[in-house]
Amino acid sequence: MENLIALLVAAPLLGAAVLLVGGRRLDRAGHWLGTLLAAASFVIGLVLFASLLGKDAEHRTLVQHLWTWVPVESFRADVAFRLDQLSVTFVLLITGVGTLIHLYSVGYMAHDERRRRFFGYLNLFLAAMLILVLADNYLLLYVGWEGVGLASYLLIGFWQHKPSAATAAKKAFLVNRVGDIGLSIAIMLMFTTFGTFAFGPVLTSAGDASEGRLTAIALMLLLAACGKSAQVPLQSWLGDAMEGPTPVSALIHAATMVTAGVYLIVRSAAIFNGAPDAQVAVTVVGAVTLLFGAIVGCAKDDIKKALAGSTMSQIGYMVLAAGLGPIGYVFAIMHLVTHGFFKAGLFLGAGSVMHGMNDEVDMRKFGGLRKYMPVTFVTFGLGYLAIIGFPFLSGFYSKDAIIEAAFAKGGTQGWILGSVTLLGAAITAFYMTRVMLMTFFGERRWQPDADGHDPHPHESPTTMTIPMIVLAIGSVGAGFFFHLGDRFVHWLEPVTGHSEGDSPVGVSVITAATLVCLVVGVGIAWAMYGRRAVPAVAPRGSLLTRAARRDLLQDDFNHVVLVRGGEHLTRSLVYVDHTLVDGVVNGTAAGFGGMSGRLRRVQNGFVRSYAVSMFGGAALLVAATLLMRAV
Amino acid sequence: MSFPLLTATAALPALGAVATAAVPASRRSAAKWLALLVSLATLALAVVVLVRFDPDGARYQLTESHAWIKNFGVRYELGVDGIGVALLALTALLIPFVVLAGWNDADPLETGSRRWRPTQGFFALILAVEAMVIISFEATDVFLFYIFFEAMLIPMYFLIGGFGDRAHEHGEEAAATQRSYAAVKFLLYNLVGGLIMLAAVIGLYAVAGNFSLTEIAAARANGSLHMATSTERWLFLGFFFAFAVKAPLWPLHTWLPNAMQESTAPVAVLITAVVDKVGTFAMLRFCLQLFPEASRWATPVILVLALISIVYGALLAVGQRDIKRLVAYASISHFGFIILGIFAMTSQGQSGATLYMVNHGLSTAALMLVAGFLITRRGSRLIADYGGVQKVAPVLAGTFLIGGLATLSLPGLAPFVSEFLVLVGTFARYPVIGIIATFGIVLAALYTLVLYQRTMTGPVKPAVASMPDLKARELLVVGPLIVLLILLGVYPKPVTDIVNPAVKQTMSDVHRTDPKPAVEASK
Amino acid sequence: MSATAVHNLWTTAADPIAKIPAPKIEYGQLAPVLIVAGAALVGVLVEAFVPRRSRYYTQVFVSVVALCAAFASVVALAADGYGTTKAHIAAMGAVAVDGPALFLQGTILLAALVGLFTFAERRLDPEAHGSRVDSFAAQAASVPGSDSEKAAVKAGFTTTEVFPLLLFAVAGMLVFPAADDLLTLFIALEVLSLPLYLLCALARRKRLMSQEAAVKYFLLGAFASAFTLFGIALLYGYAGSMSYARIAQVVDGTATGLDPALADTTGNDALLLIGMALIVMGLLFKVGAVPFHMWTPDVYQGAPTPVTGFMAAATKVAAFGALLRLLYVVLPGLRWDWRPVMWGVAIVTMLGGAIVAITQTDIKRLLAYSSVAHAGFILAGVIATNRDGVSSVLFYLAGYSFVTIGAFAVVTLVRDAGGEATHLSKWAGLGRRSPLVAAVFAVFLLAFAGIPLTSGFSGKFAVFSAAANGGAAPLVVIGVISSAIAAFFYIRVIVLMFFSEPRPDGPTVAVPSPLTMTAIAVGVAVTVVLGVAPQYFLDLANQASVFVR
Amino acid sequence: MNPVNYLYLSALLFTIGATGVLLRRNAIVVFMCVELMLNACNLAFVVFSRMHGNLDGQIIAFFTMVVAAAEVVVGLAIIVSLFRARHSASVDDASLMKL
């Protein structure tokens, strides 16, 4: 059965290869091939999942060893895949959502002449992401880790003729590379600590290592996670990443890739459990990002950027949960999955809106779209309800669980984290309502464009609506399904372990509080955007708003410190290399030249001066000889 | 006596060079085809060597030994260990691509004197370089090695100075002067290095009385040949200096950017991908084996220099306006990694370094050759003159990107494996240096992606609007390289299997063993 | 010294002198010298009696035959084992017949033969009035630019005297390294110098420069030999004898039968040291070591190029031979006195020659300075004071002389309206015009620069390793540095030839007769052979490296 | 009288000759000075021969004279031809070649 695992990866990889190498002759059918292979991978995933269900909880780990990759003395990395409850969950999410988005893209990219390549990249992404979650050791995980980075680079910059897109792509890759430093150092540390970096041995023998080393490893992993999952301080790339085609934002920058960080942390649970300080760091990062993203989300008028902010903040929830340790891991993953559904749905909705509005993204130019694109409205609406945690929808269960877990952490830490999550819930409700209202309610605010014809919004083709509907269903039902009899918890427990924290306050109280926050958030938003008409041009807004519009000045900071500083550094180094390092050499050469020029003047052509030098030479010779004897 | 396989690998291109040079002026294409065939035949021989080589066999295999200059105790001794074989294969592999890529680079613009035959000369010189490089990978006699280590400068020098890059911002005249400046700089740098090494070689002779690497190393090992500490250190420095110039190691690197910038892309590849490898290879083979104690003594300084090379080269690459200079500085950074790996004195480090030599050869070749195709199309080396190429020449852009990704050692491509091995190997013994070196990967991403963004993406510049995509010949050059990069990225085991035993030997030469993992150590 | 001593001395001198034994000369063993000298005399007679048109051929024939015969006899002697086992001192202690002597004589003879070919070359200059001309003045006596000169040219005169002169010089050179007493040394010195002075003055083109060169060479040469002679006088005063063996004994204090009365003349170290210094100085002048090198560039530039080539090669060989014998046979006891001094000389010679050469603009002057630098390298070998030192110097000289002749032969080919185009700027782009010539010259330059696989490298390696073994490691380092500097200007020429655009008014490359071709070919052949497979010759030099005492 | 004084004399003559070479311009005179140096050597030879009581030195003296004569022949030939070409025997005029 485990021999199927490789096929999971192989299918999309094949697709990528064929589509990218195949050339123009594939332009007509290429996209369908890509979709097909993605679907195939999903089916295999289902089969494997079924086979896992067939086993009992302890034996639900399949390992497929393909070949020895890098053997150097004690350093040994294999190309081996590991399928267990955790990874299969991801596999299903990735391939499932992935397939849907392939389908969606068929419609969305219909008019792009480079559609074949787009699907090639999408397949490449699937393959890489699957490697990431299936890898049996950290080095192979690294391959997937960078592979998704590459795919996202290619996809963000898919419209390369737009400089902004190219820049955004580069930025994403670079910021991720910073994170990768963390990952590689973590792996090195593992190697020097355990002599290996395969999941099995590392995680089992994690206990033997000193806490110091574990903390170091954990912090490095956290750094990596920050990069990939756009957590503060490495979050800055996510907003720009929205330059990519919307399906990309939906798949990579909402549902799957950005959650890889969470996967990494949860996968390394054993290490984090041994490093409480690192866990605190994780929770702090999560909490900060949670608020950060939410606040940014409130201020953006670009629908995709608003959603991006929301993504950031939601992942903040997950990271925070993952930082809580055994009480949180499961819920982190659970929220990850549900978020996968509703956030992908929301993005696809946004994409559909843009599709209908000539790629307009400014929500101030929307308004009252619900009657023009009903399907989009409904699916988007369901996603909206799910994310704000409307009772009995997916978000409600997963987020609520996290909030409870945060409180259950206990102590002041518990209180702080708990209240942060609550606050986050409120803000989430606010900005999502804002998006909802600005886009679908109120009166129309769009103008005929420059050459005078009206965008006349319209519903998207079925290839696009079907995925939206499916995802909407998911975002409605998934939470309840998982929650029923703590299915999800029991499913993951063997991998991540699970423990009920002792909550200082009752579960019902927390749930109530959450709902109150929700109502408050929605209320404020309605007060601001529902009752009053939305101005077509953004008001100057408060200081906070303006800061939030610029991602809380984080980019400005990067620009001043890193970019400018870097440019100065390189420029001065170029100067140094030319004048100093090279100058020394050329200087020596010139020195000899000068010496030569001076010495040759002695050769003045006069016999008598030659004779003088000979005479002097003779005298010297004699003197020297006598001197030698004297001393 | 069995067939002298190793001699053949070197003799074939040497004869080929003579033959090519002899082709009459009117038959240019004949010279090209001849050169290509010879290089392919050499590749075939190299494959035979690869097959005949038994990784777990004796340290030096396929050995040949003949008396040469008794009075100097010099013997014509050849033999390859795993490291040598790997680099031999790399060289033999790359030359056909170099020839193919340089197919039209040396055709005379103006028909000069009847006897002026640049094309023949170009390919003859390339083959000559191949012969010399190969034999210096095979030589197990210090003197023999030295001779070819030095002699290869001459053909290289003519390749750089005689067949420079025609694309030049200030016209042909300026190009000529800058080119000869670059050539002279290259020659003098390496000649000075070589002469200082000569002093050391003579010193070694004065101490040891012969030049046989194996004998001396053995005598050092069993203590029958004792060197005063200071002597050994001086000799080591003499050798290392030459290799550090060749490699090149900061601050002896400034000849490389000029040389690569002024020479045609294939020659630039010849320099970094092939010739410079002799330097790093020689560090492994001669410095460590002949002067183990001195090597250990010098390690800290060398590591720091290597570290500087890594960061410094990368930063300078970021600051370049000229595509080829950029690649050159990138190479400097990479050589920093290689030297780091060698002197980290761990098996991961040294295997990684050897692997790195091979992979860097492939990746630079890929990147540089595509860059060359690009430059010959547009007639400029300045990054600023390009933009939006991917729209008009997607295949070119794609291959360029892959070359770039290899340069930034993306996992899945060959360079990643070697780079990571080097980093791990270094980290295991010198954590701080390892960590700092790791920052190199960000800088690598920076200069590669900036290069790609500026040249390939964005709106199409009018100057490149009519640029044709890669031709069949060019694809034939780049395709196999990319395939190899991917293959060695996912399955480097064949190479590591060849290299590891040799590295094990070297490690024992310098009496170092890998540090134990903390967990085991604590138990 | 006291009066009584003098009285004693007088009385001793007044005693009836024993019968002077009839001198016993081993003509067979002196054959090489005798043959050459005899041929030279024949040449003079030829000048006197043979009609002008057939002189040239007769002279060439005589000289070639003579040189070949002489070489043959050298080989025969060596084969007889005079180089090794039967080595001894011939002609009443005047001439040594031993390894170094024979080796160097062989080298000199071959170099002379090759040089002779360049002398005899008559294709390079355009034919003047229907008669082929070589590179020597039509009539040396006639004033440059005068009518008599024009007439001479019109009549198609050529100075065929150059051949006997060459032979005389060769004869002197043959004796020089073999000389075993100071008198012979001095005579040989003069015999080799005087013809060279004349040869320098005989250029066909640029005669003023040629004559100037001759004057400079002559005056300075005479000046130097005066010093040498004075040194000889002092040494004689010290030892009371001319013979090397005797002097050596006195130096070592192993001499027997010294008159105690002479105690304070004999063994007066001041005499010894000063005398040694002055003799050595004379020899250093001949090899062109700093600071006695200043004649070299001017003379090399002014002299007819074939002469320059010949003298640059052969004189160096002979002079170093003499220097070796002097230092190794006569003054080994004084090693600790002369070694440091020679160290100094070697260092300044190596560095000085290399550095000044950097900024030269005339190819002949450039080669002159490079020869200075090479003198320095060879001195490093001399200083080694061990057997390797001798053999390495012999080897180096053999290799170097042929490269030099070849290089100058190439210089004679590159010509424009004014004769040879020796200014470097005119050599620009030669590689484009005639790749072959440029390539050959490049080979010679690389050999000078000591690039591996050329004779220059093996020679340099031999010399330096000998020096290193002889405990002169610092000298090796300096030598290496200066060869790096030297490399710079050799490279400069190569750059000029290959990488710079040819000048429209650039020179043309004359197609030479087989004579010059052979000269160049031999040069290349020796360069490559000694570079790639030096074993045999190293062995030869090694066997030949023992002086007879 | 003490023969050593003759040595001093010869040294003196030698030095005079050398100084003359260094100072005088006229090629002929310079050459004469060289001859003077040679003769100084002769004197030294003779003196030493006298002191050692063997004849080698005196024999050498003859050789030296011959050599000197030969040098005169060669030297004068060269100098004269130079003079005829330039109408000046000043060695300082003969400086075409320098640097």
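Every chain is named by a letter (A, B, C and D) in the order it is written, and numbering of its residues begins at 1.
Throughout what follows, contacts are C-beta pairs under 8 Å (C-beta built on N, C-alpha and C of every residue); 3 or more make two chains touch, one makes a residue touch a chain.
These numbers were taken from a predicted model, which means no experiment stands behind them.
Participant: Show which chains lie in contact with subunit C and also with subunit D.
Facilitator: A
Participant: Of the chain pairs A-B and A-C, which one is connected by the greater count of C-beta contacts?
Facilitator: Taking the two pairs in turn, the one with more contacts turns out to be A-B.
Participant: By Cα centroids, which chain is closest to the centre of the whole protein?
Facilitator: When every chain is reduced to its C-alpha mean, the one closest to the whole-protein mean is B.
Participant: Centroid of subunit A to centroid of subunit B, CA atoms only: how many Å?
Facilitator: That gives a centre separation of 37 Å.
Participant: Can you check how far apart subunit A and subunit C are, centre to centre, with Cα atoms defining each centre and the answer in Å?
Facilitator: Chain centroid spacing, subunit A to subunit C, equals 81 Å.
Participant: Please report how many Å separate the Cα centroid of subunit B from that of subunit C, as a whole number.
Facilitator: So the centroids are 46 Å from each other.
Participant: Mind checking the centre-to-centre distance between subunit B and subunit D? Centres are C-alpha means, answer in whole Å.
Facilitator: 65
Participant: Pull out every residue in subunit A that's touching 2 or more other chains.
Facilitator: 589, 600, 603, 605, 607, 611
Participant: Please output the residue numbers of subunit D that touch at least 2 other chains, ranges allowed.
Facilitator: 18, 21, 30, 91, 94-98
Participant: Can you list the subunit B residues in contact with two or more other chains?
Facilitator: 188
Participant: Which two-chain combinations touch?
Facilitator: Between chains, contact exists in these pairs: A-B, A-C, A-D, B-C, C-D.
Participant: Can you list the subunit C residues touching subunit A in their complex?
Facilitator: Counting only subunit C, the residues touching subunit A are 215-216, 219-220, 223-224, 227, 269-270, 273-274, 276-278, 280-281, 285, 290-292, 294-295, 297-298, 336-338, 340-341, 344-345, 352, 355-360, 485, 488.
Participant: What residues of subunit B sit close enough to touch subunit A in their complex?
Facilitator: 188-189, 250-251, 253-254, 312, 315-316, 318-320, 347-348, 351-352, 388, 390-391, 398, 405, 410-412, 416-417, 420-421, 423-424, 427-428, 431, 434-435, 438-439, 441-442, 445-446, 449-450, 453, 456-460, 490-493, 496-497, 500, 503-504, 514-520, 522-523
Participant: Can you check the complex and tell me which residues of subunit C touch subunit B?
Facilitator: 391, 432-436, 446, 451-453, 457-458, 461-462, 464-465, 468-469, 473, 476-477, 480-481, 483-484, 487-488, 491-492, 495, 498-501, 533-535, 538-539, 542
Participant: Inside the complex, what are the residues of subunit A that reach subunit C?
Facilitator: Against subunit C, subunit A makes touches at 589, 592-593, 595-597, 599-600, 602-603, 605, 607, 609-611, 613-614, 616-618, 620-622, 624-626, 628-629.
Participant: Inside the complex, what are the residues of subunit C that reach subunit D?
Facilitator: On the subunit C side, the touching residues are 1, 3, 6, 9, 12-13, 140-141, 143-144, 183, 186-187, 190, 194, 197-198, 201, 207-209, 211-216, 218-219, 222-223, 226-227, 229-230, 232-234, 236-237, 240-242, 259, 262, 265-266, 297-298, 301-302.
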